[in-house]
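Look for chain A in each of the two complexes below; its partner is chain B in the first and chain C in the second.
Entry: the complex of A and B
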C-alpha cells in the first residue's frame, strides 16, 4: 500500500496544524489531537510491519517530483523498508507512551496546547528522517528536528537556563550540519561522475558508488572525506564527542521531552543516518575506523562522566551518550544489525528510565538523587519499572539490553579487541552508575522531607511506564535481528557468543554489586583509596573541561575575529558600500522623478524620441 | 455533433452570456443591489476554469474561424490568468462600492468587456483580429480609468491614458501595415512562411514594421521608453482598474510580444533579442529606482510594476523555452502576489480613504491579517524564497545567464536589493510606526477568502513549483 508511508508521516503534521488552528486554547482537545495523530501513525506502522512480514512483501518506495529543471531534479520521497518500518514503530510506539504520559506530567502547564503542537511537529520531523528515501528530504527533516528540539528544550523559555540550553542544542547541531551539508553536496557531485544525471536517492547512490569504486573512478581518500563529512551530522544529532556538550544541557526541557529526544527521536537520528547511508560507509574502511573509534571513546568517556553526577536526569543523559557511543561503535565496526538492534531496545528502556525519573521528579520536585531515597515502598510502580529498565540497560539476562549489547560486544570481539575491552569496561561503569542512582534514589530511607511524603503518580503516567516494561523485557526474543537482516547484504553478523556474553554479564554484576555495597550498604573504602578517588573525581565533575575549552575558544579566538569583522562591516561594508550605494540609488531615483512632469505632451514627445532612438540604433 | 469551433469558443460565449445577464439585471435592479451584482459577476466567471481545463485536456490545438482564431496551450494559460485576475478585480470593485458614485453595473460590464477582449487577443491568429481585440481592451480601460467622474485625478488619468494609448495604437497599426506590405498577408501562418525566407537578416521595411508594432505593444507592457504614462494613470485610476491594468493588461501585452516575437519572428531572434535585452535591463532599472522616492502606494506599485515588466521581458529576450517558461511562471506568481497587494490596498482605502504610505503606519495593530498578507506579498514581489516570486526570478535570471546575458542578470539581481528597500519601508511603516488612528480595519469575508487564496498560492507555487513549471513549459514555444 503506497499511501502507508505518507499517512505515517503526515498524521502528526496534520495534528500539529489542527492544534495550531483550532485548539490553541483547549488543553483536552490539543492532547487528543496530538495523541490521535500519533496513534494513526502507529497503527499504520503496525500495518506496514504486518505487510512486510509476508514472504513476498516488497519494499515500498513512493516519491513525487519536487523541483524539475534541466540539470537539477529533486524529489520528495519516502521509503518503507525493514529498518524504516522498525524505526517508525519505535518512534510512534514509544512516542505514543510519552505523549500519553505528558498529559499527566504537563497537565498543569498553561502552554499545554503549544507543547503538544511542538511534540507533534517533533514526531513529524523524526518520521521524515526515518522514512526519507533521499538526502534532500532527509536533510529537510533533519533541520526540522533541530528546529523542533530547539522549541521543546526551550519550552520554558522564561527560564534563562532552558532558553540557553535550547540555543546551545541548536547551535551545536548547526555546526555539525554544516559538515553534513557539504558531504551531501559532494555526494551530489559524485553521483554524476560517470555522466548520468545526478541523484541523491539512497538506492541509486548505493549503485553509483559501487560502480564508481569498482571502476576505480573514485579515489578512496575522497570517499573517506565524504563519509567523514556525513558523519559530522551524526556527531551533532547523536551527540558524539566532541559535539556532545548540548545533550546534558538539554535536560532543562520538560522530562517527557528528554525522554523523546533520548529514546525515540533526535539522538536516534544520527545512528539511523549511519545505517541509512551504510552503503557509503561500507565502501570506506578508513571512515569506518574513525566512526568506531569515536563511538568507543564516547561510550567510555560519557560513562565516566555519569559516575559523579547527582542530577538524575543528567546521569541518564550521560548514559544515553554512552549508549549512543556503543551504537556508533557497532556500526563503525560493520555491525549494522547490532547497531540498529541496540538502538531499538535502548529506545524502550531509556524512555522507561526517563519517564520513571520524571515520575519521581513530578512527585518530589527535585532532580537531585541525594534528596530522594526510600521510594521503593512509596512509589512501587515507578520503582519496579525503573529497576527493570536499569537492569536492561546494564545488560542483565534475559532483558532486552542483554541481547543487543551482547551482539555489539561480540562484533567488537571479533573485529577490534581493543574496542571490545572499551565496551566491556563501559558496561562495568554503566552498571555502577545505574546501581548508584537506584540505591541512592529508591533504596534506604528518605533523604529529604519531600521524599518522605511521596506518592505514586496517577495512572495516566504509571500505565505508560508499565506498558513500556513489556518491550523492555521481551524485545530480545521477538527476532528483531532476523527482521533487520532481511535484504541487507553489507555489514558483519556474528552469532551469539557465550564467552563474550558471560564476561560482560560478570562485569555488569560486579559493577552493580560494588554500587550496592557502597551506596546501599555504606561500605567505605580505605583512606588512601578515597584520596585517589577524590582526585579522580575532579576532572569528572568538571566534565573534562570540554565546555571550558569551547568557552575559551569562543572568547579568545572567535570573539576577537568577530570584533575584527565587525569593524570591517561598520566602516567598509556599511559606511562605504551600503550607504554609498543607497545614496547613489536614492539620488538616481529622485532624478528619474523629474522626468515625470505630469504633462502629457512631454510624455508623448519622450515616447516618440525613445522610439526614434530605437529605430535609429536598430536600422543604422 | 457540435462543431469544433463552437467548443473552442465556449469560454468567450460564456463571458458573452454573463455579460448579457448582468446587463439585464442592471436594467432591472436598483443601484443598492450592486454588491450582489458584483458577487454574481465573480461567481459567474468561476466556471471558466473548469471550461479552460477541459479544453486543455480534450481539444487539439487548431485554427478556427477561417484562421482568425486559434486554440493552443499558450492561449489557454493566459486565459486562465485573465480569468483569475478578472475575478479578483471584481471582488475589489465590490469592496469599493461607495467610491464609485453611480453606474456599478456598467463598471462590471466594462470589466467583462475587457476580459473578453483579452480572451480574443489570446486566441488571435491574424493581425486584424489581434488589433481589434487589443483596441477592445484599450478603449474599455480608457473608460474604466476615468470612471470616477467627480475625481479630477481619475479624469486626468483617463485623459492621459487615452492620448498616449491612441498614439501607441497608431504605432501598432502602422507596424502591422508595414509587415503586411512586406509579406502580403495578415495571417500569422502565412507571415511565418514569408519570413522564413529572411533568416539571415530582415529587410528594412520588415524590421521597421516590427519595431513599430513592438513599440505599440511595449506601451501596454509598460517598458522603457514607453512607460511614462504608468505612474500618473496608476495613481489616478480607481484601485481595481489599476490592479487590472497591472496584471491583466500587462499579461495581454506580454502575450502579444510572445506571439509576435517568438512565434512570427523566432528565426530572426538574433536581431531582436539584444534590443529586448536592453529594454528589459533599462525597464528593471527605471522601475525600481523610480519607486524609491514615492509616497503614494499606488504610484509606488506603478513603478514596481514597470520593474516587473522588465523581468518578464528577460524571458522573451533569451528566446529559449526555459526563458519563455520563466516568463509564464513569473506571470502566474505575479498574478497572485500583485493582486494580493492590491486587495490589501483596496481594503485599506475602503476604510481610510487614503493611499498614502504614511497612513499605513501601525497597520499591524489595526489589522494584523492585512499587515501580514501585505508583508508576505511584498516579500514575494521582491523575490524572497520560498515564495512564488523567488522561483520566477530565479528561472529568468538563470535563463539570462545561460544565454550569455550576464549583465542583464546582474541588473536583475541588483534590482532585487533595491526593491527590497522600498518594499520593506512599507513593512517598516506597517509594523514599527504608531497608528494615528488606532481603529481596527474590518476585512470582509470575500476579501479575506481571496487574500487567503493568494497567500496559499504564493507559498504553494513557491514550494511546489513542479506542476506550475509544467504548465509554464507546456504553454511556451518549443
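Entry: the complex of A and C
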C-alpha cells in the first residue's frame, strides 16, 4: 500500500498541529491526540511489517516533486524497506510506551500540551529520517529532530541549566551538520560525473557510485572525503567523540524525553544514517576504518566516564554514548546487520532503564544514586524491570542484549582483534558501572530520608515498564538479524561464535561481581590500590577536560575574533571610512566657505588679480 | 483599472486622504491606512493565483506615454521575480500598519509618511521604465528621513542623516550609470521592455559594459547592502520604529539586489560576467564578517541588523551564480528573509516599547511572561538559522547548490554562515527569553487577540512557502529563465 509510509509519517504531524490549534489549554485532549497519532503510526508500521513478511513483498517507494528547477530536481520521498520498517516499529512502539508513561510522569506540568506537541513533532521528524529515500528529505528531518530535541531539552526553559543544555545540543549538532551538508553537496556533484542529471536518491546514488568506482572515474581519496563528511553528521547526532559533549548535558530535559530521544531513537539516527548510506561507506575502506576506530574509542571512553558519575541519568547517558560507539564500530567494521540489530535491542532496554530511572526520580525527587538505596522492596516493579534491563545491557544470556552484543563482538573478533579487545573491555566496564548503580540505588538500605518513604509509581507508569520488558527479554529470538539480512548484499555477517560469547559473558559476570562486592558487600581494596584509583578518578570526574577545552576555544578564539571584527567595524569601517568621508566633505565645505565673504571689495580684488594673471600669461 | 496600478495607487491615495483627516481622529487614520495597505495584499494574492505558469514575460502591463521626446512613459507590470517581491512588500507593509497601531505620537503624520514609503517601494518593484524606476527609488528613500528622525529611538538623528545621505549617494551613482546607459544604448528610450528587446539585437559594446556595470552595481549595492557599504543599515534598523525596521530590513534592502538583477545584470550581461565573480568574493565578507560582528553585538536590533546584512550575502551570492538554481534561490531568499526579519523586528519592537532597552542581557526569561511574542521570536530565529519547514531553508539550500559549482569557496563560507547564525540567534534566545524571569519585566504585556494577527500572517507565509516551495518557485523560475536565456543569447552574439 503506497499510502502506508505517508500515514506513518504524517499521523504525528497532524497530532502536533491539532494540539497547537485546538488543545493548547487542555491536558487530557493534548495527551489523547499525541498518543492517538502515534498509535495510528504504530498500527500502520505493524501492517507494513506483516506485508513485508510476504515472500513476494516489494519495497514501497513513493515521492513527490518538491523543487523542480533546470539543473536541480529535489524530491520529497519515502521508502519502506526492511530497515525502515524495523526502525519505524521501534520509534512508534517504544515511543508509544513513553508517551503513555509521560501522562503519569509529566501530569503535574502546566505546560503538558506544549510537551505533547513537541513530542509529536519529534516523532514526526524521527519517522521522517527513518523513511526518507533521499539525502535532502533525510536532511530536512535531520534538522527537525535537532530542533525538537532543542525544544524538549529546554522544556523547563526557566532553569538556566536546561536552557544552556538545549542550546549546546543544537549548536554541537549544527557544527556537525556543516560537514554533513558539504558531504551531501559533494555527493550531488559526483552523481553527475558521467553526464546524467544529478540525484540524491539513495538507490540511484548506490548504482552510480558503484559504476563510478567500477569505471575508475572516481578517486578513492575523494570518496573517502565524502564518506568522512557524511560521517560528520553521525558524530553530532550520535554524539561520538569528539562531539559527544552535548549528550550528558541533555539529561536536563524531562526523563521520558531522555528515554525516547537521547537513548532509544534520535541518537541512534546517526547509526541509522551509516546503515542507510552503507553503499557509500562500503566503497571506501579508509573511511570505514575511521568510523570503526572512532566508534570503538567512544565506546571505551564513555564507559570509563560512567564509572564515577553519581547522577543516575548521566550514568545512563554515558552508557548510551558507549553503546552508540559499539554500533558505530560495528558498522565501521562492516557489520551492517550487527549494528542495526544492536540499535534495536538497545532501544528497548535503554528506554526501559531510563523510564525506570524516571520512576525512581519521580518518587524520590533526586537524581543522585547516593540518596537512593533499598528501593527493591519499596518499588518492586521498577526495581525488577530495571534489573532485567541492566542485565540485558550487560549482555547476559538469554536477554536481547546478549545476542546483539555478541554479533558485534564476533564481527570485531574476525575483522579487527584490537577493536574486539576494546569492545570486550567496554563490556566489562559496562557491567561494573551498571552493577554499581543497581547496588547503590536499589539494594541495601535507604541512604536518605525520601528513599525511606518511596512508593511504587502509578500503573500509567509501571505498565509501560512491564510492557517494555517483553522485547528486552525476547528480542534475541524473533529473527531480527534474518529480517535485516533480506536484500542486503553489502556487509559482513559472522555466525554465532561460542568462544566470543563465552569470553564476553565471563567478562560481564566479572564486572557485575566486582560491583556487587564493592557496592553491595562493602569490600575495600588495599590502601595502595585506593590511592591509585583516586588518582585515576580525577581525569574521569573532570571528563578529560573536553568541555573546558571547548569553552576556552569558544571564549578566547571565537568570541575574541567576533570582538575584533566588531572593533574593526566600529573604528575602521564606520569611524575612519564612512565618517572620514563625511568629515572630508565637511572640511572642504568649511574651507570653501571662507571664499564666500559677501564683501564686494574682496570679490573685486580677486577679479582684478585674476584678470592681471590672465593678461600677464597671455602677453608674456 | 490595471491591478498593478491599483496596488501602486492604494497607499499613495491613502496618504493623500489622510491629509484631509482631522488630527484627533487617530482611529480613522489607522483604519484608512489598514484599508490602503490591505487592498494591495488581496490584489497581490489574486495575481499570484492568476499568474500564468511557465509563461515568461511581463504581465498586466500598462503604458501611458509621458515625455515621448525623451522616451519616458509611465509603464508598470510584473514578472515572476517582481511579483514575488511585490507580495513580500505588501505583506510587510500591511503587517507594519497593524504593528504600528501602538504608535501614539503624531499618528497622522506617521501614517502619511509610512504610506508614501509603501507606495514608493511598490513603485520600484513594478516600474518598467527606468525613469520612473529611479523616481520611485528616491520616493522610497526620502520618507525614511522623517520616519526615523521623528519616531525613531536611540541615536536617531545620526542614524537618519547617515542613512539618507548614504542611500542618496548610492542612488546618485546609480543615476549616473542609468543616464550613461541611456546615452550609449542608442535606443533613446527609458522603456525597460523595449530596452531589453533592443539590447538583445544591438548589445552595448563589451568594454563599455565593463565600465558601466560598476556604477549600477555599487550604486544599488549600497542598499543591498554589499560589504563594505553596509554600515548604514544596522544603524538605521536600530534607530527606526518597528514597522519601519520591518520594511527597511524586510523590503528596502531587497530593492538593491532586485535592481542589480533587473537592470545591471539583465541589460549589461558582459559587465555581469566580468564583475560578478568579485561580488561572489565580497559575499564571503558579507556572510562571515557580518555573522561574526553580529556575534559580538549586545543590542538586539543591531544583532538582527548585522544578521540581515550577513544574510543578504546569500542573496548576492545566488545572483552571482548566474545559473537557474542560484538565481531562483536568491529571489526566494529575498522573500523568505524579508518575512523572517520583519517578524524578528516586530517582536523586538513589541518588547522595546515596554522595556525601553534593547540590550539583550537586560531582558532575560521573557518566555514566561510573554509566551506568544517569545515564540514568534524563536520561530524567526529558527527560520533564520535555516530550519527546514521555513522558506529560508529551501532558498539557502538552493543558493548552496547553485554556488557549489561556480564559486566553491563562497559556497563553503555560505554553509559555514548558517553555523554562525545558529550561534548568535540561539545565544540571543537563551539570554533574552530563557532562564528565570528578570523581575523588572514582571508587568510586561504579551500580544493579545488582534495584536497577534500580523505575526501569524508573517509566520504562516514563511511556513507555507517553506513546506511547499514549488508553488512560488514555478512563478519565479519562469522569469529567471528569461533572464538567463537572454544572457546566454547575448553571450553567443558576443562570441560571434
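Operating definition for what follows: the second predicted complex is superposed on the first by the 565 of 620 C-alpha atoms of A that agree within 3 Å, B and C clash if a C-alpha of one lies under 4 Å from a C-alpha of the other, contacts with A are read in each partner's own complex, and residues count from 1 in each chain.
Here, a residue touches a chain if its C-beta (ideal position, glycine included) is under 8 Å from a C-beta of that chain, and two chains touch if they have at least 3 such contacts.
From a predicted model like this one, the values you see are computed outputs, not experimental measurements.
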First, second, both or neither for A:558, with chain B first and chain C second: second
If touched residues of chain A are counted for chain B and for chain C, the larger one: C
Chain B versus chain C as contact partner of A:109, first or second or both or neither: neither
First (chain B), second (chain C), both or neither touched by A:609: first
Touching partner for A:65 - first (chain B), second (chain C), both, neither: both
Which of chain B and chain C A:595 touches, first, second, both or neither: first
Common ground on chain A, meaning residues reached by chain C in one complex and by chain B in the other: 65-70, 582
Complex contacts: residues of chain A adjacent to chain C: 65-72, 136, 139-141, 143-144, 147, 150, 154, 157-160, 163-164, 167, 170-171, 174-175, 178, 181-182, 185, 188-189, 558-559, 561-563, 565-566, 569, 573-574, 577-578, 582
Contact set on chain B toward chain A in their complex: 159-160, 163-164, 167-168, 171, 204, 207-208, 211-212, 215, 219, 224-226, 228-229, 231-232, 271, 275, 286, 289-293, 322, 395, 398, 418, 421, 464-466, 469-470
Contact set on chain C toward chain A in their complex: 162, 165-166, 228, 231-232, 289, 292-293, 295-297, 323-325, 328, 365, 367-368, 382, 385-389, 393-394, 397-398, 400-402, 404-405, 411-412, 415-416, 418-419, 422-423, 426-427, 429-430, 433-437, 469-470, 473-474, 477, 481
Touching residues (chain side chain A, partner chain B) in the complex: 64-70, 582, 585-586, 588-590, 592-593, 595-596, 598, 600, 602-604, 606-611, 613-615, 617-619
